[in-house]
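What follows is subunit A paired twice: with subunit B in the first complex and subunit C in the second.
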Partner chain A sequence: MSVLQALDIGLAFLIVAVAAWTIFARGAFAATVGYVVYGLLLSLVWIRLFAVDVALTEAAIGSGVTGILLIGAAARLRGGETAGDEKSLSGAARLLTAGLCILVALALAGVVLLLPDQGPSLAPQSMQNLAETGLGNPVTAVLIAYRSFDTMLEKVVLVLAVVGVWSLAADRYWGGAPGEARAERPEPTLAFLAQVLAPIGILVGVHIFWVGADEPGGAFQGGAILAAMWMIVMMARLTEAPQTNAFWLRLTLVAGPVVFLTAGVAGAIFAGGFFAYPPGFAKPIILFIETFMVLSIAVTLPMLVAGPPRREPRQ
Partner chain B sequence: MTSATLAGLVGAALVGLGLYGLVANPQPLRKILAFNLMGSGVFLVFGIVARKAAAAGLQADPVPQAMVITGIVVAFAASALAVALVLRLFEDAGQVTLNPEARTKLPDDGADAG
Partner chain C sequence: MSLVLDLFGIVAIGAGVFFFLAGTVGLLRFPDALSRLHALTKADNLGLGLVVLGLLPRGDSLLAALKLVAVWALVQLAGATAAQLVGRAVRRKGSAA
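Here is the complex of A and B:
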C-alpha cells in the first residue's frame, strides 16, 4: 500500500466520522462547526479526484460561506431550540429509519462499485472545441460557453434567493439594512484581522478569477473569495451592510445575469444562435461576462448571509 | 481499490448519513445541515462519474465538474433561504419547532415561564 493510498483511506474515515458528528452532535452550534471542518476535508477529496475547480468551490462556498451562514444561525437560535417541545422519533422508528438509510447507502455503494472503469465521456468534445473559445480551462469553457444558459439561470436563482430572503423582512424594515450597525469601537482582534486579510484576499480573489480562463479557478471561486472579504469587514463591524433599497446594490445584484443574458441575445442577432459567441471574439466576450458575474457573486453571497433587513430605512 | 471508488463509497455513506439526519433530527437547522450533507454526498458520487470518464488527456470529464460547481452554488442559495425562514419563525414565535402541537410563546411573554 502506497503512502497516497493510506492517506486516501485515512481521509475517507475522517470525513465519514466528521459527517457523523454533524448529524449526531448534541448542540446545533457544535454540529455546524463540524460542518465547516467537513467541507474543508471534502475539498481535499475533490483534489484527489483531479477536480481542482470543484475543490476551490467546495472550500469557498460549500464550506466557507455556508459555514458562516449556519454558524450565524446556530448562534442566534441558541436557547430557542427547545428540545421539550419536539416530537422525537420513538426508538423503533429511529431504528427503522437507520435501517432504510443504510439500505439507500448500500444501494448507492453498489452502483459505485459496478461503474465501468472507463465511462462515456464528453471530455474529447470539450477539448476539441476549446481552441474556438480561446480558453485553456475546459471547466470554465463548459460553464461560460458550452452550457452558458445553465450558468445564466443559476445567476437568476441567486437573485431570486436574495429576493426571497429580503421578502422575509417585517414591513417597517423593508428597504433598510440587514445586520448590525457599525461599531463605534470595533473588537480590536477582529478589526486587525479584517484590515490585514481583506487587501490580500481581494488580490487573491481577483487573481483566481483572472487565471480561471486557463487554470483552475473562475468567476464563482474568485467571487466567493471577494464576498468572504466583504463579510469579514462587516463582521468586524468596520463597515455596515448597505441599505437594501440602495440603487447601486440592486444594480450590482442583477448586473451579472443581465449582462449574461444581453450577450446571449446579442449572439442570437450577430453570431447566428442564442448564446453563440462570434468567432475570434469569444474570449473577450467571455471575460466581459465573467467580470460582471464576479461582481454580482461578490455582492449576492454576503447579502444572502446577512439575511433580511433588520433596521428601518434611513431617508 | 482506486481513490475514485473510495471517494464514491464515501459519497454513498454521506447520502445515508444525511438522509438519516434529515428524517430523525427534529430541529429545522439540523435538517438543513443534514440536507447539505446529503447534497455533497450526491455531488461526490457524480464526481467519480467525472473521474471515471477521464479521456482526451484530461484527468476528469469537465461537464460533470461544471454541473457540480453550479450545484454547490444553488445548494447554498437554497440553504440561505431556508435559514432565513427558520430565523423569521424564531423571531415571530420565540422558538423553532416543526411540531404543530407545540406551545407557541408570544414574543414578549415572560410571565408563564416562572
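Here is the complex of A and C:
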C-alpha cells in the first residue's frame, strides 16, 4: 500500500468519524462546527478525486456559506434548546426511526457495491465537443453550455431563497435593511481583517471567475468568494446591508438569471434552439452570462446571510 | 543540487509537521482556552510556514512559489484575527475554562 493510499483510507475514516461526531454532538453550535469541518475534509476528498472544481464549490458553498447560515441559525436558537427534547420520542418511534435509517443506509451501500466497474459516462462526448464552446474547462462547459438550463434554474432557486428570507420580515420592516447597522466604532480586530482581506479577496474572486473558462474555477466559486468579502465587511460593521427595497439591489439579484434566460431565448431565435449558442460566438456569450451570474451570486449569498429586514425603511 | 533541495524540503516539512503535531497535542492537553489558543497559533504560524518553506523549491514557477507564500500570509492573517477574537470572547466571559 502506497503512502497516498494510506492517506486516502485515513481521510475516509476521519470523515466518517467527523460525520458521526456531528450527529451525536449535543449543542447546535458544536454540530455546526462539526459540519464545517466535515465539508472541508470532503473538499480534500474531491481534490484526491481530481475534481478541483467540485472541491472549490464544496469549500465555498457547502462548508463556507452553509456554515455561516447554520451558525447564524444556531445563534438565534440559543437558549431555545431544551434538554428534554429527546424524551418526547417514545421508544417504539426511536426503534422505527433507527430501523428506517439502517434500511436506507443498507440500500445505498447495496447500490454502491452493485455499480458496474466502468460506469456509463458522457465524459468522452463532453471532451469531444469542448472546442466548439471555446472553453478549456469541461466543467464550465457542462454548467454553462451542455446543461445551461439547469444552471439557470439553480440561480432562480437562489433568488427565490432570498425572497423567502425577506418574507419573514415583520410588516413594518418590509423594504428596510437587514442585519446590524453600521457601527461608529467597529470592533477593531474584525475591522482590521476586513480592511486587509477584502481587497485581496475581491482580486482572488475575480481571478477564479476569470480562469474558470480554462482551469478549475468559475462563476459560482468566484462569486462565493466575492460574497464572502462583502459578508466580512458587513460583519465588521464597516458597512451595513442595503435596504431591501433598493432598486439596484433587486436588479443585481435578478440580473444573472434574467441575462441567462434572455441568452437562452435569443438562442431559440438566432441559433435554432433554446439555449443554443451560435457557432463561433459561444465563448463571448458564455463569458457575458457568467459576468452577470457572478454579480448576482456575490449579492445573493450575503443577502441570505444578512437575513430578513430588521429596521424600518428610510424614505 | 537536487539532492540538497530534497534534503532541505524533507527537513523543513518534517519540522513543520512537528509543529502541527505539537500544536495539536497542546490543543488537546492544555488546561484552559488561552493556552490552547497559544498552542494552536504556533501550529498555524510556524508549522505551515515551514511546510511552505520546504515546498518553495518544488514550485513549477516563481508564480507558484509566490502563491504558496500568499497562502501562508493569508492563513497568518486569518489565524491571528481568529485568535484575537477567541481570546477576547474568553476574557469577556470571565472564565478561561
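The rule we apply is simple: the second predicted complex is superposed on the first by the 303 of 315 C-alpha atoms of A that agree within 3 Å, B and C clash if a C-alpha of one lies under 4 Å from a C-alpha of the other, contacts with A are read in each partner's own complex, and residues count from 1 in each chain.
Definition applied: a residue touches a chain if its C-beta (ideal position, glycine included) is under 8 Å from a C-beta of that chain, and two chains touch if they have at least 3 such contacts.
The model shown is predicted, which means the values in this text are computed figures rather than measured ones.
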Contacts of A:I15 with subunit B and subunit C, given as first, second, both or neither: first
Most subunit A residues touched (candidates subunit B, subunit C): B
Partner chain in contact with A:L249 - subunit B first, subunit C second, else both or neither: neither
First, second, both or neither for A:G164, with subunit B first and subunit C second: first
Shared contact residues on subunit A - subunit B and subunit C: none
Subunit C residues touching subunit A - in the complex, by the definition given at the top: 74, 77-78, 81, 84-85, 88
Of all residues in subunit B, those that touch subunit A in their complex: 3-21, 23-27, 29-30, 32-34, 36-37, 40, 43-45, 47-63, 65-70, 72-81, 83-88, 90, 94-97, 99, 101-103
In the complex with subunit C, residue positions of subunit A that touch it: 189-190, 192-193, 196-197, 200
Contacting residues of subunit A [partner subunit B, same complex]: 4-5, 8-9, 12, 15-16, 19-20, 22-23, 28, 31-32, 35, 38-39, 42, 45-46, 48-51, 53-54, 57-58, 61-62, 65-66, 69-70, 73-74, 76-77, 80-82, 85-89, 94, 97-98, 101-102, 104-106, 108-109, 111-113, 115-124, 126-128, 138-139, 141-143, 146-147, 150-151, 154, 157-158, 160-161, 164-165, 168, 220, 301, 304-305, 307-308
